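Alright, structures below, take your time with them.
Look at the two complexes coming up: chain A is in both, with chain B in one and chain C in the other.
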Partner chain A sequence: MENNYDIIIIGGGATGAGVARDCSLRGIKALLLERSDISTGATGRNHGLLHSGARYAVTDPESAEECIRENMILRKIAAHCVEETDGLFISLPEDDLQYQATFVEACRKAGIRTEILDPEEAKRIEPSVNPTLTGAVRVPDGAVDPFQLTAANIIDAKAHGAEVRTYTKVIELIREQDRIVGVRTYDRRAHCEQTFYAQVVVNAGGIWGQGIAAKAGITVNMLPAKGALLIFGHRINNLVLNRCRKPTDADILVPGDTISLIGTTSSKIPYDQIDNMVITPEEVDILLREGEKLSPQLAYTRILRAYAGVRPLVASDDDPSGRKVSRGIVLLDHAQRDGMEGFITITGGKLMTYRLMAEWTTDLICKKLGLNVPCRTAELPLPGSTESKKEVERKIRHKPTTQRRSVISRHGDMADRIADQDSIKNSLVCECEEVSIGEVEYAMENLSVNNLVDLRRRTRIGMGTCQGELCACRAAGLMGKKDPICAKRAKADLASFLNERWKGMAPIAWGDTLRESEYTTWVYESVCGLTDETEKTTVQ
Partner chain B sequence: MRFDTVIIGGGLAGMACGIRLAEAGKRCAIVSQGQSALHFSSGSFELLSRLPDGTTVGDPIAGIAELEKIAPDHPYATIGAARCERYAQEVPDLLRAAGIPVYGDCHRNHFRITPMGKTKAAWLTIDGYLTAEEAGCLPFNKVCIVNVEGFLDFYPEFIAEEFRKHGITCQFATINFPDLEQIRKNPSEMRSANIARVFDHEKNLEALAAKIRDVATGCDAVILPAIIGLTRDDSFEVLKSKVNVPLYLLPTLPPSIPGIKAQQALQRRFRLLGGEYFLGDSVLSAQCDTEYVQSVYTANHGDEPFEADQFVLATGSFFSKGLVASPDRIIEPVFDADTVYTPSRADWYTLHFFDKQNYQAFGYATDAHLRLKKGGEVLTNLYGAGAGLAGFYPVQEGCGAGVSLLTALYVADQILNRQ
Partner chain C sequence: MNIQQNTVSENNFEQCIKCTICTVYCPVAAVNPDFPGPKQAGPDGERLRLKQPDYFDASLKYCMNCKRCEVACPSNVRIGDIIQSARIKYGPKKNTSLRNYVLANTDLVGSLATPFAPIVNTAVTLKPVRYMMDKVMSIDHRRIFPKYAHGTFTSWYKKHAAASQATYPKQVAFFHGCYVNYNNPQLGKDLIRIMNSLGYGVNLLDKEKCCGVPLISNGLYKQAERQAKTNLSSIRLAVNDHDMDVITTSSTCTFTLRDEYPHILNLKNEDVRDRIELATRYLYKLIQSGEVQLKFKEGMPPLRIAYHTPCHMEKMGWGYYSIELLRMIPGIEVIVLDSQCCGIAGTYGFKKENYPTSQSVGEPLFRQIEASGADLVASDCETCKWQIEMSTTKACEHPLTILASRLA
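Take a look at the complex of A and B:
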């Protein structure tokens, strides 16, 4: 029957994408619904840290063990999304060096490899580190690209029969007696309502999960915690830098490709503010002040943008005050918890444990569907990671040298799907991130790109030093070219991209950032005469 | 080195001031970093398009008279409406004498067409660029918009989408030649200046003309991106003579060919008048008494001072580093002169890109003669001109070029009238 699935997943973050992949690999017909684009929630708004688990070793051993296991799995199955950098936990004169022993012992218990370095050795392998450090411990931290990771899960899920609908908002959970049997949605581009049915509906909405559960009359108490981060214009550190003390604000500096990231702050916000992330001057100041303690270079490195995500922390079911936070992964079978069949909520957890969360969820789905199929996501590599970088290099030898590395880092073994037969396809749209016309066209045709911000998530276009100063316009031109009727939409889209970009730049708009912003204003508003057309057309 | 006047900054304001002073027989030096706002010019100059409240201005001079009443801190208000009109009348001749052919009337805005097909008010436009006397009133019914294959800084589809609103039929054509294929070999080279160099070759210009003749069949006009005539002045005229249909240029994204050409023309004119132009140099520091600038020092000339009776600061705003923003204040880096700004960073801007942003009106603190101040005291021989001045919103008010040109002429007059 049309519009009929085994399961419906609500939420296109890493968890939802992971569930879609796991289900599809186990032969379960899945539909994933996302109100915006994939990776738009907390998935795309964190450090991109491949946790070794060391950060949690002392305070939360269970999370630490989960992290190190998943860390090792992701290195295998998502090699193209992972950079194996290792990390340092450094002690500064103001820190208690005694803590180091406690830390190392806790890591050992959790199964996390550690190596104690003397300060000179630490400075040698990580020249950017604060030179006043008194001690350092090396752990298997790394960097992971959450956009690529989620995209690879989506690509594989689709390849195994899943259906993915972005810009589709769930407006109602359809209920028959004590059972959820489907959802009613609103397609934000076609502007129409639709109905989909399934035996099980999975709520993987992250922080938005509270609102989704509420549609079934079910209470899931989220405690939204905003975390702000800053992205720096070039890569400062080779290894992840952490403080060797109890986790606190702004104590992780993560390198990622050509940039570095400092984060995060942590502040409780009211639930009605989760869609309104404003970064305050105070948060920027904290991040810089604390970040400089990890690496003094931050003081004179250009900041590209500021952004914030909301951690989906869940109040413990056993605490009536709703203040006690559940640690780790929270999988709620609402049949057991609330007497509502056909409805599951998966939340809590971390980007690091998205695969494990998907496995638990799919196991529960299998139980409900009466299936007995084992999970294979810990062994099967994701698309992009099925061949080694060397093999991919060989396949795309004919591409301009400068583009090879960036294309492989973005698409792994799928790099050879990008057209490059002539110089036009190889012409660069974005110079900072080496994105060619061929790559933009590939993304538009194959990776469900609906607008410039989606395109940025798939190709990194506009993520470099210039933050999309001219490439946004070029990409808008290419999108408008696909279909003459799209020209109006492409212009509105460009205006909305500039607004989105400015939100990240305004909190740090001094120095070169203000210079670039002034230039952008001149080029787009004055030379091009672009006006704010976003409100009239919004998402189409 | 000793001069009558040293001008710091070689953009539109610095050049216009230098030319005016040199015309009056003054011995002038201009110290210029190189690129200025002219490198992203639209091919038109704006005098005043809107009042601070957003009201559209049809007659810029009447608008300036209004500004005098409602925006006393605006540089136009400092100069005064009567003098603004006099300078505005003089500007076209100054530009034409430099070899920049412009047309326009300071009492009546016309309209230019942007690289996205939008219509914007303009005061003066360089010959060859498409304009309209009334918004939406274009000189053709059916037009062919031509672009170079793979050139991403020009938007035929966007332009057509706007034109169609006015009932104009649009068709597209793309051009590709072997010489363009050469520059395409480097994936980042398909930019306006490189393409323009290709068309400065006679054989490519001829091939372009042939292509235009071919695609123009049945059209009233042909539109080209501004990629014609970088190293020679006659390319566009030659091209027009070889086709039998009206040709119009539209600006592209930077670098701007008309802007680069204008910059070169002004430089030539200044040198021809005996001015000394120090290109690729920048002023690093200054020697000042309490009220008086003695000399300035530059990067290329080390401890050899540039001495002068008068100094003009025309270093532009943030983009050209004439103003520098730190997290908590706005600095004028050469003289550490006083600046006008709001102290809390949260007040510098809103979170909406297209809003009028307060930081755009930050700039040097000046007196009625546009002399700068330091520690609250007027520096009696240091004048400010151009985008670094405070009190105006160049983009929202559509007055950037006008403020640069008019304040430059006003400052030149202040200097000439001192003796």
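Take a look at the complex of A and C:
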């Protein structure tokens, strides 16, 4: 029967993608449904920190151990998404230096390598660090690109037979007595409803999982906590900077790709506000004020954007008040918990533990399907990480240096799939992030790109300092060439891309960022005639 | 709320709003597709190099350091400085070929060549010699070499001029540069004649080394820094101990002493920077102040002169002074050529790999010169002079040489 799968995964974040990959590798026929694009939820809205676990060592040893294990695994299986920068936990005069000993001991117990540095040594290896520091501990923190990580999982899942449908919203869980047997969906691009059946449906909707479970009449209490972050225009630090004290607001500065990120704040928000993320001036203020303490340079470095994500925190089942929060992984077998067969919820956890979450989920699926196949995701490298950077370098020797390094950092060993036979293919679409025409075409052909915002998540176009000023129209041109769409829709797509860029700039719109966005507005509105009218048309 | 008042970044690279005007004005980007242009090589590349130094692209060597990008930039980004600094910071550390060493060490080569000037000058015009330099050293065989003088300016000065300078009521120091010293002592003599006629004695600096611009563009940064330090202490001596302004006839030497020292070599000079002056501007200001007056010969034949604004002159914004000074000379008609790069950019155009770029960059200027109907071209830059004389049918002289020839 058509539209029949072994399992259906709802949610295209890192967890959903991880489950799809794990299942496919174990021979389970999977369908992944995502109402928007992949990595649009919390997956794409965090620090991109490759936690060593040190942050949790004192307060949550279990999470710390999970983190360091997954940290070491990701370095191997997702090498092209990871930057092995290491991190510092610094003590400032206002901090209790005694905490350092507690911290180091907790790290040791969790199996996290530490090295105590004297302040001078810390300043030498990380010149941007607050020079008044009184102590520093080096830990194996790093940076991870969540977009590339999720994309690589999707690519591998598809390569092993999984089907992925983005812009497909689940409107109903089909129930036969005490069993979920499938889902009814709405295709947001084709504007039609469809039905898919499977033996097991996995709810990997992150914070949106509460709503999905509710469709089966099941209560999962999520406790949405908003976290805001600021992106700075360029790399300020090359080592992750943390405060050596109990975790609090704005105490992590991560060097991610071409930029640095300070975050996060933490504030509870009502569940009905999870799709309405607004950064307040107070949040920007906290991030800057606290961030400056890690690196004083933040006070005078250009800010590119502000954004916020929602942590998928879950209230513990044994506590009806919802106060006791677990930061760990929450895997709910609704057959056991609620007497509902064929339905699993995987939530909680962190980007760092997406693979482990997928492993647990797939183990449970296997049990339900009566399969006995071991998990291999901890050993099998993801596409992009099967060859070393050096080997890939050799294959694409002929590309200009900067472009070569950029595509390898984004696509790993898949970089050689990008066309570069002539100078046109090597011409840049995005100049800030060195994205060529060849790369954009590769993404459009192979990485399920439906609009300019999707394209940004696959290639980083528009993520640089110009925030789409130069690349948006070029990319729109290439999109139009590949798949001739009506001019009205193309204009609407362009407008929605630019508005999405503006949304991130608005909370920090001053100085050069404001000047540049005014210039962009002038180019698109006054020169190209892209007016408000086009914005009102919905995209997708 | 503590809102950031101003964002600050080295060389203002974050002030770039990607308008791309710099690339439009870049003479190299227009003719050499291997050069990604100042925006890419400068602020865009800097962001990537901050991420990881190995994003450094070897094509940055194609930048001529003409600074026309900086003149064009509406956001005050020091694009040329970003590129030069990146070459120092991230570029190959030992990239000095024999060729680059010879081209860069104008002082050393000059002092070796001047005693044998007649032989050297003849030798470099011989086809086999040029062919050999092309093959062995990658100096393009089509490039015509500047002539060396038989004897340096400084040795002439010591013999014939030094003694009389103290008799003038006012004193000024002269940074002669390599060109005056080894190639064209006449320009130094002309300057002394002009200054003396206005009541100014001309003194040499205590110790003078090449300003360092060829060293910087050929990757000999340490040596450039050493020489700059020597020059700065000599300049400080002249300014502080003897209260003398320091003037130079070369626009590039002036620019280097004033701006490249602090921006590229990180040597502070703000205490003396305002006292380092281009000779034509110094003279123009003296005349404008009414303090002095030039007396010209009468009945000289009319002369049509086309003035070419060198890139570093454009960067300083001082082309005006040379042009107006020329206009003060009776019988001289001045046409101002479009401000565009001649393509030689110091030692850049001597290199075989740059020769086609160099000549393509200069092409529009050469055409304009030929069509101008001028008798003579004038320019404050010696390497522009070489390029123009090699690539057009016209001779090119320094404005002060022209002025001195008509002095009463």
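The rule is simple: the second predicted complex is superposed on the first by the 529 of 540 C-alpha atoms of A that agree within 3 Å, B and C clash if a C-alpha of one lies under 4 Å from a C-alpha of the other, contacts with A are read in each partner's own complex, and residues count from 1 in each chain.
The definition used in the following text is that contacts are C-beta pairs under 8 Å (C-beta built on N, C-alpha and C of every residue); 3 or more make two chains touch, one makes a residue touch a chain.
Computed from a predicted structure; not experimentally measured.
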Which superposed partner A:Leu470 touches (first chain B, second chain C, both, neither): both
Chain B versus chain C as contact partner of A:Pro127, first or second or both or neither: neither
Contacts of A:Leu530 with chain B and chain C, given as first, second, both or neither: first
Contacts of A:Gly27 with chain B and chain C, given as first, second, both or neither: neither
Partner chain(s) touched by A:Ala299 [first = chain B, second = chain C, both, neither]: second
Superposition-derived comparison: chain B or chain C, residues of chain A touched: B
Contacts of A:His234 with chain B and chain C, given as first, second, both or neither: second
Chain B versus chain C as contact partner of A:Glu431, first or second or both or neither: both
Partner chain in contact with A:Thr521 - chain B first, chain C second, else both or neither: first
First, second, both or neither for A:Gly111, with chain B first and chain C second: neither
Common interface positions of chain A, toward chain B and toward chain C: 281, 400, 402, 423, 428, 431, 470, 510-511, 515, 519
Of all residues in chain A, those that touch chain C in their complex: 233-235, 255, 257-258, 281, 285, 288-289, 299-303, 400-402, 405-406, 423, 428, 431-432, 434, 464-466, 469-470, 510-512, 515-516, 519
Residue numbers on chain B that touch chain A, as the complex places them: 37, 40-42, 114-116, 118-120, 149-150, 152-155, 157-158, 160-161, 181, 184-185, 187-188, 190, 251, 253-254, 256, 317-319, 321, 324-327, 345-346, 348-354, 357, 359-360, 394-396, 398, 400
Footprint of chain A on chain C - complex, ascending: 1-4, 6-9, 13-20, 33, 36, 39-40, 43-48, 50-52, 54-59, 75
Residues of chain A that touch chain B when the two form their complex: 278, 281, 400, 402-403, 423-424, 426-429, 431, 436-437, 470, 473-474, 476-478, 480-481, 484, 486-488, 490-491, 495, 498-499, 501-503, 506, 509-511, 514-515, 518-519, 521-523, 525-532
